[in-house]
Each structure stands twice: as C-alpha cells, then as structure tokens.
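Same chain, two partners: chain A is paired with chain B first, then with chain C.
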Partner chain A sequence: MHNHSQHCGAMRQLIVIWGLLLVLTGVTVGISRLDLGALNIWAALGIATGKASLVILFFMHLKEEGRAIGISLLVALATLATFIGLTFFDVLYR
Partner chain B sequence: MGKVIQMGEYFRRGFLEPSGKQPALFDWIFSTDHKRIGLLYLYSICTFFAVGATIGLLIRLELIAPGRTIVGPQIYNALFTLHGVIMIFLFIIPGVPAAFGNFLLPLQIGARDVAFPRLNLLSWWLYIFGAIMALSALFGGGGAPDTGWTFYLPFAGETTTNVSLAVFGVFVLGFSSILTGLNFITTIHRMRAPGMTWSRLPLFIWSLYATAWVQVLATPILAITLVLILSERVLGLGLFDAARGGDPLMYQHLFWIYSHPAVYIMVLPPMGVVSEIIPVFARRPIFGYWFVAASSIAIAAAGSLVWGHHMFVSGMSDTAVLVFSLLTFIVAIPSAVKVFNWVATLYGGSIRLDAPMLFALTFVLLFSIGGLTGLILGSAATNVHVHDTHFVVGHFHYTMFGGGGFAFFAALHYWFPKFFGRMYNNRRATWAWGTMVIGFNLLYFSMMVVGMHGMPRRYYDYLPQFTHLNQIATIGSWILALGMALMAVNLLIALRRGQHVGANPWEAATLEWTVASPPPPENFEELPQVSHGPYDLKRAGEA
Partner chain C sequence: MNPSAQHQDAEGARLGMWLFLFSELLMFGGLFVVFAVYLQRYPAQFADAGRQLSLFFGTGNTVLLLTSSLTVALAFEALRQNRQRLCQGLLGFTILAAGLFLVNKGLEWHAKFQHDLYPGSQTLRQAPAGQELFFGLYYLTTGLHGLHVIFGGVILSWVLVQVRQGRIIATRPTMLENGALYWHLVDVIWIFIFPLYYLLL
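Right after this comes the complex of A and B.
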C-alpha cells in the first residue's frame, strides 16, 4: 500500500516535470520571435539549462545521489559555461 | 607439463611471470593488471613513436634542399599530417599518463589496482583500434589525409583524401583517453592506502590528477568537433560555411577548446615525473610541495582558457585577442612556479647526475626555452610576425618533445629498474643523452631561427636563402635519431642482460620502491600504512 502511494507520488512528480518541460519549450519558441538583441541567446541558453537541470535532477535521479556526483556535474557544467562564455568575446565583438 | 619455476626466479619476475593457464600473448592482451596494461601502452606507444620519428626524419630529408628532394607536395602534406596525428594522439597524449600512470598510480598510492581494471583494459583496446583506424587512413582509397593534424574546415570537409577514417580513428582514441581519466580520478579519490593523505600524495600523482580532469572535461569537446567534421563531409550541413549562414571560425574555437588543454595533458604528467626525479637525485625534499601540487591544478585550469591564442590572425575580434593574450600570460605564472621550485630543490643538494637526472634537468632547460618562446606567440603583436612559420614548429617541439619527450625518457630511465628488475648501462645512457641534446638543439633551434626569417610551416619548398639553416636542422635530426637509437639499444640490451637490482636502487621514498622489482602481481601483500611524505628521503624504503 505504502509502495503504491510512493509510486503514484513519483509518477505525479514526473508528469509535473514533463509538463514544465513542455511549457519551457513553448517559452523558448516564443522568445525566439522577440528581438532582444544579444539577450536572445542568453534567454535560449538559460531556458535550455533549466530544462536540462530538470531532466538531470528528476528523470536521471541526481536529486537522490550523493554530493560528490552533484559536484562533479557542476564542475562539468561550469567548464562548459566558461568555454561558451569565452567564445562570446569573439562572437559578440567581431 | 608446466615449467618448473625456482622460487627465487618467481619473485624476481614478479608480475611478469606467465600464468601458464593460457598462451603468453593472451596473458598480456586480456590482462586487467594495471602494470601489464601500463607496459602494453608503453610498448605500443614506443612503436608508434618510432613510426612518427621515421616520418619526421623523412620530412627533414625533404627539406634539406629547396625544391623536390625525395617527395612531391601531396606526399609531403600527407607526411606532416601523419607525423602530427601519430605524435600527438598516439605518443605524447597517452605517453606518460597511460604508460607510466597506469603502472605507477596504484603503486604510489598504496593500492592493488586502479578502481576499474576492466575499463582500463578496454581503454587500451580502444587505443589500439583507434590507432589502427587512423593509420589505415594511409592506405585506403583517396590517399593519405593532407589536412595537417588540426583537420581545419572548410578544407577537411572538401578534400578527397581519406580524412573521414583518420577523424573517426581520433574520435575512438579520445574515448580511450576519457576512460583513463575517469579511472584515475576515481582511483585517487577512493583507493589511497591508510595514511596516504592528500599532503602525502607524490607530485606525479597530483599531476596525473590534474591531467585526468582535463581529459574528462575537454576530450568530449574534441569528440563533438570530430563528429561535426564527419557530418560536414557526409551530410554537407554547412555549419562552418559562411555562405550558408555558418561560421568558419567556430570550427577553430571548437578544435582548440580541446587541443590547447591537450597540450597540458601532454606536459603536466611529464612535470610530475620531473618533480619525482629531482628530489631523489638531489637528495633533498622538494622545495614548496604545496606550490608544486597546486600549480598543477592551476596550469590545468588556466591552460583550459587560452585556446584563442591559436587564432590571433584568423579574423577573431580584437577583444577576444586581448582576453586570450592576457590569459595566456597568466599560465606562465604556475609554470614558472614549478621551474623555480625545481631549481630551489637543487640548491644545496648532493646532486647525482645519473641518466634519469640528466634527462629531467634537460626537460627543465628545454621546457623553459619552449615556454618563453610561447610568450612570444602569446603576445598578439609578435604572434602576427611569426604566425604559421617554422618558429611555431620549433617552439612546440621544444615544449612537446624537449618537455614531454625528454621527461618520457627520464621516466623510462628512472622506473626501468622497477618495471623489469634490471639496470641499464648508465655510461651508454649518458652518451645517448648527450647525443640527443646536441641533435635536438641543432634541429629545433635552427627551425626557430629560420621561422624568424620568415620561412612558413607546412611548405615542401622554400626560398634559397633558407637553405643553410634547413641543412643544419636536417643534420640535427640525424644526430637526434642516432642518440635515440643508442638509447633504445641500451635499454633493449638491459631488458635481457641488465644487472638485477633490488627494490630501491635510487633510494627513493615513494611507495613503489618499497615493493620488489618487478613488483608482485597484486603489488602489496598487505596494504601499507603510510607514515611519511613522498620526499622524506631519510625514511626511503619504509611505508
């Protein structure tokens, strides 16, 4: 009985996350139609990062993992963000 | 009937003893023992190095005189591409970490193996498959790749030579590197012996740790870049084609985001080797342990942010040129910290000039020349003058070969008695070293000078005024090859007939010297209880 309700709770949570991902996809499409200049790319990257975080935390169960795995992932993400950020010193000022 | 083994003989051969359960070759190629995998890497890497060096000699022979000497322009392009691919991806990137790192990491931290022994074997197999693919690109339809090891687009997308196979080979090699990195990070975190605190970690392990993070974080970007080259060639996406809305410079960014940090994959472990050898042969603990350890991490971190200095004349924005130039100068700081600490360690020491020390000291000299000429290239104004000239070729051979290569030879001479339980002839090793130093400097210093005079790189022909310096460089290449041949012969003789040595011939204080030479199959009968630092030479031979 306990397992059943736990299972239902988890299922509900997954559906909510799925809904959120769909909403964020809609926001990405919507924002791409507004002309925000350089902010367009930041908005797209920000939303994509948010969506990826939801997938990793809930669908891939990072939320239930230990701190070491979380830190490793953050290091990888920070590295990627730094690489992309530094590339923008070229792309934005060319 | 199994071979009867004397007990003394068994202990002397340690992990090298055949199991007797299967053909000896299978004992090796399916072994999950980190020492055997380390040696598998060592033998493969040395073989590829010999191939790469032979191609290098051919390139130099072509350049001994202007015009066509032994090959035409198309074959010349293929030769320098293959020389680069072999030396970078098959020799210098896996050189110290995969061969020496695999063998020594568990021994130095007091573990019985790495964290994932099967993954370790898989990474060697991936290395071999990748190497076969990259090299078979030579013989397939379309001819050998002619793009240079950098595979720059749009040319790499258009050339009809066999680029796709070579690129896929490098893609596979990248996975081998990532798996080794993951394995090392986990092993260092989880498998240190009791008492092996972070402050007692040998500096070679610190350098492997920093390198492993670069391997794990940067290599996937190379993988993506290589996939994009393949998509361009197969699907013609136009991602880097300005006419179709693509950005040609983006390829260079993506390529160098991996390939500049890769320079530190190539040179950090060699720095770790030198940090091991200098204290032992100067009989003094390393000066500024924490500075040397932290500088490895600082080099790995800062070195990952400087890729743009390869693109100063590409049409990148001036802001980016300024930022990348500044960041490049910052990497010089932790590099200099290491050099000053090595020199300070030597000060007042009882220096013993055996072969490992000679190679290690040569590393310090040649790497310093390579590093300082790197600042000429890191500074935007002077970079424009010498960009894509032989100066660049000379500079990176000083860092990669004078640095990485000489440290590889230093490691070979330092740990040879541990690997095989035998000692080589030190006199012959010293002669080989001297010959190599002379040949090396004639070869690469002439290259830097002729580059300053304006000779471009990657051209099979040149103007008559460059002849003299090119001839000196080619003669240097012969002297260097002679020295390397002498070194190889000396070590091969020692492998069969060298004098047997005990556990600790150099009286060093790190843990690998507390076990027999060669070490027994599982390294330690009981895990050691570490009670002193790695350079506490008064307690050499104790755990």
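Right after this comes the complex of A and C.
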C-alpha cells in the first residue's frame, strides 16, 4: 500500500522547488538590472543552468531514474557543449 | 491477447521520450549557438534591441510556465496517489496556463508589429545590422518555442481526456508521465530564452 505521508512529502518537495525557481527568477531579473560588464551574461547563464537543473532533477524525476537516462543526458549535454565549443573556436580565432 | 502484447515497459517508454527530448534540445541548441555568435559580434545592438522587449510579459510568462511545470508534476503525483479529481484539476490548470502563455505571446508580438519591429520592417532595415538579426532570431526562437507550447497543450488535453476515461491510471501512468516530460522541456527551453532575450543590458 502507498504511504500517505510519504506522498504528501513528495508534493511538498515539488512546491518547495517551485518556490526556489521563482526566487531564482527574481534574482536573475535583479542582477540583469546591474551593470556588471561581461559578468552579466555569465550570471544569467549560470542561474538559468541552476533553474534548468532543478526542473530536470525534481520535476522530471531524474533523481529517481536509472543509469541509462542519466548517462544519455550527459552524452546529449556533452554533444551540445562540443558543438558550442567548436563553433566558438572557429568564430573567435578566425 | 497474448501476455507479451499487454506488457508495458514503463522505463523503456520514458527512455524513448528522453531520447526525443535530447533531439529537441539539440535543435534549440543550434538556435542558441547562432544567438551567442551574433551576440558576441554585435553586443551593443543586441542590448539595444533586447531592451525593446517587454520585461513585464517576459517575466509574467516565465512565472506562468514555471507554475504550469509545477502543476503538471503535481498532477502526476496526484495520479500516483489515485486522486483522479485532483489530477484532472491540475492538468486543467496546466492547459489553461499554456493558453494564457500563448495569449501573452500574441499580445507581445502584436505590440512589436505595431512598433514596426519585425524582419524586413522599415525601422529595422534602417537600424544597425545587429538589431534586425536580434529580432529575426527572437521571432524564430520564440515562434518555435510557441509551437512547442501549442503541441504541449494539445498533448496534455489528450492526456486529460484519457485520465477522465480511466485509461491513464496509477498503474499505467506512462502517457501522463511522458506528456509531463515534454511540458517540462518546454519550460527548460524558456528558462534559457528568458534571460538571453529579455534581460540583456
């Protein structure tokens, strides 16, 4: 049988993650109003990566998944990173 | 029917969905790479163009998508707990949020068109080169994302009907689970679109 309190905990956890996502949205809007030079874009990307990780780990249940999905996600992200890296290697040193 | 035909491989179904989502990620990744290259080439023009986007609509739609991502995750949790009515309500809310997102997007695009800001418009042809590139990428990326919002809304509506008819249940949740995964991906992509397009200084 299902454990009721455990299930309520699962819902509460999702709501806490949602709260964190809203806070991070506020932080990214706030930081974007400050002039930090080149740091602005890196802060924006860093916070976006943090938010995406929360969605993937908790909302998409990656934490509960087996190895196959975790490893294939890493392969996909590594492919994307290589694609971005090689593009900039070309564009910046042309 | 023989037993093997009835066999459901929930993990295999999810893995298939994730593989599809990776292909989506790489497709949007291509658009982000193009954006990054031109941002590096025309930083000032991109910032000028980005400032013309509405922070109000951008932030509002971000909150809307994050909340709808929560409600679809809660809908799955409710199904697991056999709370069908709660599950249906949460799915309904998610679909409503998808519709509202599109209404906002429509209003936003409408305002841009009224300000003569669209690819090939007089204003943009006379503006510095980077600005027309920015708006071209803006319409392409948010348009493709908007198509995904439409598909997501349709898929989740279909899931809602299946839950009502008792075809998606706690022991057979795969359709809701995969529909939710798709919806979360739409959210993840927006998480990157928002700061890159709306928050450039």
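Just so we're on the same page, the second predicted complex is superposed on the first by the 78 of 94 C-alpha atoms of A that agree within 3 Å, B and C clash if a C-alpha of one lies under 4 Å from a C-alpha of the other, contacts with A are read in each partner's own complex, and residues count from 1 in each chain.
The definition used in the following text is that a contact is a pair of C-beta atoms (placed from the backbone, for glycine too) under 8 Å apart; a residue touches a chain by one contact, two chains touch by 3 or more.
Keep in mind that this is a model prediction, so the values were computed, not measured.
In the superposition on chain A, A:A76 contacts both chain B and chain C. In the superposition on chain A, contact is made by A:F89 with chain B only, not with chain C. When the two structures are aligned on the shared chain, A:K51 is found in touch with chain C, with no touch to chain B. With both complexes placed on chain A, chain A has more residues touched by C than by the other of chain B and chain C. In the superposed model, A:V16 lies in contact with neither chain B nor chain C. Once chain A of one complex is fitted onto chain A of the other, the partner contacts of A:L39 are absent, as it touches neither chain B nor chain C. Shared contact residues on chain A (touching chain B in one structure, chain C in the other): 68, 76, 79, 83, 87, 91-92. Residues 11, 14-15, 18-19, 22, 25-26, 29-30, 32-33, 36-37, 39-40, 55, 59, 62-63, 66-67, 69-70, 73-74, 77, 80-82, 180-181, 184, 187-188, 191-192, 194-196, 199-201 of chain C touch chain A in their complex. Of all residues in chain B, only 189, 213, 216-218, 221, 247, 249-250, 253, 257, 304-305, 308, 311, 315-320, 323-324 touch chain A in the complex they form. Residues 68, 75-76, 79, 82-83, 86-87, 89-94 of chain A touch chain B in their complex. Here chain A touches chain C in the complex through residues 2, 4, 7, 10-11, 14-15, 17-18, 21-22, 25, 28-29, 32-33, 35, 40-41, 44-45, 47-48, 51-52, 55-56, 58-60, 65-66, 68-69, 72-73, 76, 79-80, 83-84, 87-88, 91-92, going by the rule given at the top.
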